[in-house]
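Should a chain be cited, it is by its letter among A, B, C, D and E, assigned in written order, with residues numbered from 1 in that chain.
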Amino acid sequence: MDFATLLGLISGLALVVAAIMMGGEMNLFVDLPSVMIVFGGTFGTIFVAFPFEEVKQALGAGFKAFSSRKVQVREVVNIMVKIAEISRREGLIALEHVKTENMVLKKACQLIADNADPSLIRSTLTIEITSMKRRHKVGEEVFKRLGSLAPSFGMIGTLIGLVQMLANLNDPKAIGPAMAVAIITTFYGSVLATVIFLPIATKLKARTMQEELQLEVIFEGAKSILENNNPMLVYEKLSSFLAPRERK
Amino acid sequence: MDFATLLGLISGLALVVAAIMMGGEMNLFVDLPSVMIVFGGTFGTIFVAFPFEEVKQALGAGFKAFSSRKVQVREVVNIMVKIAEISRREGLIALEHVKTENMVLKKACQLIADNADPSLIRSTLTIEITSMKRRHKVGEEVFKRLGSLAPSFGMIGTLIGLVQMLANLNDPKAIGPAMAVAIITTFYGSVLATVIFLPIATKLKARTMQEELQLEVIFEGAKSILENNNPMLVYEKLSSFLAPRERK
Amino acid sequence: MDFATLLGLISGLALVVAAIMMGGEMNLFVDLPSVMIVFGGTFGTIFVAFPFEEVKQALGAGFKAFSSRKVQVREVVNIMVKIAEISRREGLIALEHVKTENMVLKKACQLIADNADPSLIRSTLTIEITSMKRRHKVGEEVFKRLGSLAPSFGMIGTLIGLVQMLANLNDPKAIGPAMAVAIITTFYGSVLATVIFLPIATKLKARTMQEELQLEVIFEGAKSILENNNPMLVYEKLSSFLAPRERK
Amino acid sequence: MDFATLLGLISGLALVVAAIMMGGEMNLFVDLPSVMIVFGGTFGTIFVAFPFEEVKQALGAGFKAFSSRKVQVREVVNIMVKIAEISRREGLIALEHVKTENMVLKKACQLIADNADPSLIRSTLTIEITSMKRRHKVGEEVFKRLGSLAPSFGMIGTLIGLVQMLANLNDPKAIGPAMAVAIITTFYGSVLATVIFLPIATKLKARTMQEELQLEVIFEGAKSILENNNPMLVYEKLSSFLAPRERK
Amino acid sequence: MDFATLLGLISGLALVVAAIMMGGEMNLFVDLPSVMIVFGGTFGTIFVAFPFEEVKQALGAGFKAFSSRKVQVREVVNIMVKIAEISRREGLIALEHVKTENMVLKKACQLIADNADPSLIRSTLTIEITSMKRRHKVGEEVFKRLGSLAPSFGMIGTLIGLVQMLANLNDPKAIGPAMAVAIITTFYGSVLATVIFLPIATKLKARTMQEELQLEVIFEGAKSILENNNPMLVYEKLSSFLAPRERK
């Protein structure tokens, strides 16, 4: 459970709500047609820009950003050193039985166990890493786009409200409240983009970079095991991926 | 038929229209000179920025984005494995008879069948892929530009309306309706860009990336067939392009 | 004569003018100090940002974008195949007499005729292509900058008008017309950038990409002639630069 | 102690405060709900976008930007020449005892002393440098994001104030002061971003580039020591990293 | 003396002043607190973002952009051909006595005269060129930042003015002049950025590109002299850097 993310999100929204309530009633900021334009428009249009499958995956990834545990690079380095030790003690063939949920690590172990050509291992892992990056990038792009659609529909809603108000300027007293309503869509769009969509896009980007780093550790580790099967040297090289304070 | 795209487009526009009708009459938002400025200006200027041929192709590609079926990477991987099997059973020369609509796959089969030099195959396919990317990128750029021209002409229309209104401030009652009309061009420009042009540009970009991926599968597959004509190894390598859940 | 470009430009401007005239008199939109600020400021400042020579060349290139005929990639492919045939029939030395206005093609023929070292040919043509790109890029950048200077001076003019109007708020009736004049500079700046400067920048970019493509065809063709002087193979390789429907 | 940075920060803020006080009282610009929205919102949301650890490190790095001494590239060049001299006089093994706080220099000395394979040294140092860059880039990105969150929450606060004011237009006299308060959040957001967050992001970027340069000097120096252990040649090569006036 | 730059700068500013004077008095646009906020804020904050030394160098480089003569690429090509002739007639050792102010050319001559290893020459000159680029880029970045700080402080000043005006809406007659003053900071910021800071940044960028081009000519020339000491071939290759009309 990623506590800081949730706390940040809640405290950010809570402060905005508190500031609103210090200046007046909350229900000034609730308006059904505004919700329809901003939420409906944003989520309708996202399906024009991206295929249904990708949006579904992206929303899932965005939700997981709050709940899943981050695998540390440190752990991946340790796994690679352990694999180096196994392969040294029991031979490369022993890697066939390594159990892992990481697809790339699994493929690396299989290829090493099959005694595949180093250039084949290199090109296969490169494809594997590039494909994973490509799949992960979609989540980030969907949330970035949501973060630009929401303010755009906010502005469209405000323009609609302004046109309707200006066309009926008979009652000067009605101007204020009508403009207040017109502005609410811009408010919705800004809050959605600033507090929710764009920070989640950044978080997904950080996740992707984290995973890329792990894949690079696996890639460099596999190369080291093939070239020079010495667990000490494997650690020496892979520890360069860690921050100084994380090293042994 | 790409159902989600169409549904997204229709629901996005329908929600905007519904929200408009909850606040007043629809015909407040219809104005001929505004249509002339925004639509006419946008489509006139796009021909200054891009050659006639490219705009035509881009509009066609944009329309196809709603109707055409997406070829899955999975299918291309299967085709390459099948080709590897054919070439193994019947010799490389058999690839001359492979039937396909994909220009790059066709050229790859021909070159392999002609027993061409691997470096020639590599450089020819690289040129083929780069040229295809270049041609596809144009569609995306035309729609991106339409998406920036529409709001610009929206603003130009609003400036025209404001100048005309401000120069004739005799009747205070006319200010409101005149400004309402002035704002309509900005509304048109924003809706066109947000709901139609920019999402289609994104969809075309995704299509291009999809096709690039297929070309890379063909490229890597052709290399594998030449180097080591083993259907199992070809699948092992090409399956790295697929998401884990799509693999056998 | 590039008909579509001119038609697009004229129809874009004509629609804006027509829309203006539907709403009032044209001379509301003509104001001498506004012309001075936007045109004078934009063209004065462009000489601070770019050397005199480069601005002159860029304006010339912008004008040519409307008048010059586009050389098709198809034609360059045909020329290279013809050169391959000549060099096969009459020997590489015959290329000395090939007549062409294209500097890069001329240099390529000379170097091949001189029987120069392939690595020298490659590095010389690479420099030639890079230098040409560098020279062509300037035109695009000058027009892009004009397209950002014009709206900036438009805003500066509007700020000047607002300050002068606000400082003299004695006569309420004068506010409207004064603001109308203040807004005109923003209108000028937007129209110049949207309808003229930015589309020409895009057109020049497309031209440059077109020429780059031709240089690549020449480069790959020259390499093919040197490596394997077979017109059929030269065509086979170079046709990859063409769209499928342009191939024989 | 980085005097110019502190002086710039203080003088920038002091001038803004002085200009405020020339036009009225300072307490017009102090408002609790506005502080809550801009500061609370910005610092709450930064924890949604970045993990807790990274924000903590970034704030620490931002603070250090004012206090820490900059290591000159000149000094690193001198150290590398001294190491070259030691290794020449006492053999490569003597590098084991070089004392330094720089992790990369330490690893370089160890690897040379261990008589490691040059390709291993190259790949290990490359990983070390890439990892350090990745860690340092986070600080810059956190401050850049703070610099875009602050104006966004400023605008959100102003929208809240406008809605509340417009919904209660009963007392015309209250309009002015209410709008003044509404605008204050935009003012807070702009000042935070312009004077504090964005300049610190730039300073952290400059620090990172400085450190990268030092790592490149170490990298090139280590390569020179291995290839050709001549202190004169090492200096000749590394001095190319220095500005002409810094060379001996 | 760079006449066009100066003329452009003066004419741009003169036109703005002339347009101001056609609409009223010049002293409407002079206001001390506004000068303090925009100039003081911009130049105070630039020292937070960049070290003192770099700002000093950048301002010097910006001033030199108006005064210094541009070295033509043509001249550098001629120098390299002359050096090739000297080295052919009198041997490579004669290059030790070549006199030049260009640090890179000097180092190239020294290394050739010392009969250094070609790979050492290549790597040393590469470092030299990269370091020079890095140093020159700073000037451009300082002016770009000044060009974004000035409008930001302009907006901050306008926000301050608006808050002060709105909080004291007692006298309706004072509103106009107070807003006029508030807007002046935005005017200052826009003029500084548009007419001075951003164009100088572009000019410095062009200078840097010019110098890079010269360094590439020196680099390619040195390589040619080492590989094949024939002045004719050296010219043949280096003339590719020139525009067609500049060639012999």
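We take it that a contact is a pair of C-beta atoms (placed from the backbone, for glycine too) under 8 Å apart; a residue touches a chain by one contact, two chains touch by 3 or more.
All values derive from a computational prediction rather than experimental measurement.
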| item | value |
| --- | --- |
| Any chain that touches chain B and chain A | none |
| Fraction-based call for chain C against chain B, same above half, different below | different |
| Inter-copy rotation, chain B to chain D, in degrees (Cα atoms; steps of 5) | 145 |
| Chain D and chain E: spacing of chain centres that average the CA atoms, whole Å | 24 |
| Between chain D and chain C, distance of the C-alpha-averaged centres to the nearest whole Å | 39 |
| Multi-partner residues of chain B (each touching 2 or more other chains) | none |
| Ring walk, chain A to chain B and onward | A, B, C, E, D |
| Contact footprint of chain A on chain D as seen in their complex | 32-34, 36-37, 40-41, 44-52, 54, 103, 107, 120, 123-125, 127-128, 131, 134-135, 145, 149, 152-153, 155-157, 159-169 |
| Touching residues on chain A, where the partner in the complex is chain D | 2, 4-5, 7-13, 15-16, 18-20, 22-24, 28-29, 70, 173, 175-177, 179-180, 183-184, 186-187, 190-191, 193-196, 198-200, 202-203, 206, 209, 213, 220, 233, 236-237, 240-244 |
